[in-house]
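In this document, chain identifiers A, B and C correspond to the written order of the chains, with residue numbering beginning at 1 in each.
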């Protein structure tokens, strides 16, 4: 194996090393690749040269905090997404239930949500739904502590493709009545269908 | 995002997709990347074009058993090794011989391997090859004990840079043809040829 | 396991070396089976089994594989196996089976052979052994060929460059039915209360409750009639009115009329006493 000494050969090796490394490489790491000791300036010149060789392609060589790496340009992201239709994250049951209570029972306080769900509501859940723009404070209940009253927003309807709250799926008939526990199970089954 | 329709733009996208995929991609997968339906011929032309664009670099575009992928050329391996000194182990003769029997005579049982090699096959060898993803059980032989039948996998071909089993190095011409049972008596004749 | 492999690897290296170094010596003394005691173990470890050992003996003695001299081969093989038994007994089982087979073939070779093709079809007793030896040799060479093929991870690497995270974070999607399911889960878990009396009609009431609250939050107070939009139709008026009544019942909104026949106002509920008591900043 000959030692590469000219700039082109160094660039050729650097390209293969950086494309296959799977992560950013520091100048020190890149130096280690070569049997002969290369100067920092020479190496940087090779990297800058490589960078400009790649200009205009859908992949670019960038210098980030932990070194040099190749990465895809944002404009090809849609193509990559089609290849890996990454499953979008899902909200936890707690989030969905909180949202359901607010949607079906609005305006409600956090205390109401807790009463209905039977468990304390994590304030992060409320914040996440507020940040998403799906719920908002529409007033305060005039009871001690003046708790905020939450309701769903227009954004919520729009994101769920609804024109009005009345387009939400109707709750199962069974659930509307005060019913003994046994038949509740049936209610749940019916609702899950 | 505009649909790329010209060859250069398709090549630009294919390059980014293949460089970032981390593995081989089939023609069908590559087609899925584009919003517009591209013909197989057009896609193949783009891939062949890309392949020749990369000629002479330290990275090459190859077609293996499970599709197209970029990989480093063997001549830069010494550089890559200096960066990551840990290499997969070289396989022992026992492992390679077991693999050879499975590759060339598949599907075979462990008993078949033992018959040919004349020794018991250590179960660690079979497990090592399975863990590497190179062999798998493809069925069971309908004899007492129903021993597992082993065959090689796509991964095996892909890891050895092959598109199909037929690309394996041909078996050395030694047995069978050379020595029909009858002619063994006049062994000297056969051997003199 | 890799340790074993490495050992075997080293042994194989060793035997090639030995064969080369000792090769000349053996060519001078073709029938001498002297093996340096230290080398024996190394040599034996390097064999992949009796077939491998036989092949090596055949090749070392330049025997014709298709016309093996059985007595020479058998003698040499058995000497090795005996040496092996002293050193590594546990290796010997398959080697012993082979020894027995060699002796059997050798003795059958000694029997006078019928001039004419007889009942045993004149099959050479060595036929099966030769077939196995050839098949094994073929496998051995094929294995060497496989080992020389470029291998992913050893001789080349596949690529996988970084894909930067999208600026916009992917947000979970929720379908209306997810809410229904969530509600079902609540029902299933909790004991029932009157909370669950919600149908389509009531839902639109609650929607108007939120609307009125939002409106009053901005306006503070407004005329009663401002809360109704006749353009929305009669049912909307009814629902708005029900919503207002519900807000009043839940003490979220107050309806006030200072004097008869003066305008009626709606405003966010304030309970003077409570407010004073708690001195809560708005």
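To be clear about the criterion, contacts are C-beta pairs under 8 Å (C-beta built on N, C-alpha and C of every residue); 3 or more make two chains touch, one makes a residue touch a chain.
Note that this is a predicted model, so its numbers are computed, not measured.
Each chain gets a centre from its C-alpha atoms; the one nearest the centre of all protein C-alpha atoms is C. The most distant chain from chain B, with centres taken as the mean of CA atoms, is A.
If you average the Cα atoms of chain B and of chain C, the two centres end up 19 Å apart.
Per-chain Cα centroids separate chain A from chain C by 25 Å.
Averaging Cα coordinates per chain places chain A and chain B 37 Å apart. Of all residues in chain A, those that touch two or more other chains are 19-20, 59, 70, 72, 80. Taken residue by residue, chain C touches two or more other chains at 157-163, whereas all remaining positions touch fewer. Touching chain B in their complex are the following residues of chain C: 1-2, 4-6, 8-9, 12, 48-52, 64-67, 94, 98, 122-124, 126-127, 130-132, 134-147, 149-163.
Here chain C touches chain A in the complex through residues 157-164, 166-167, 170-200, 203-204, 206-207, 209-210, 213-214, 216-217, 250-252, 268-271, 274-275, 278, 280, going by the rule given at the top. Residues of chain B that touch chain A in their complex: 1, 12-13, 15-17, 19-21, 25, 29, 32-35, 57-59, 70, 72-73, 75-76, 78-80, 82-83.
Within the complex formed with chain C, the residues of chain B that make contact are 18-24, 59, 69-74, 77, 80, 87-97, 99-101, 103-104, 116-120, 124, 128, 158-162, 168-169, 171-172, 174-175, 178-179, 181, 184-185, 187-188, 190-191.
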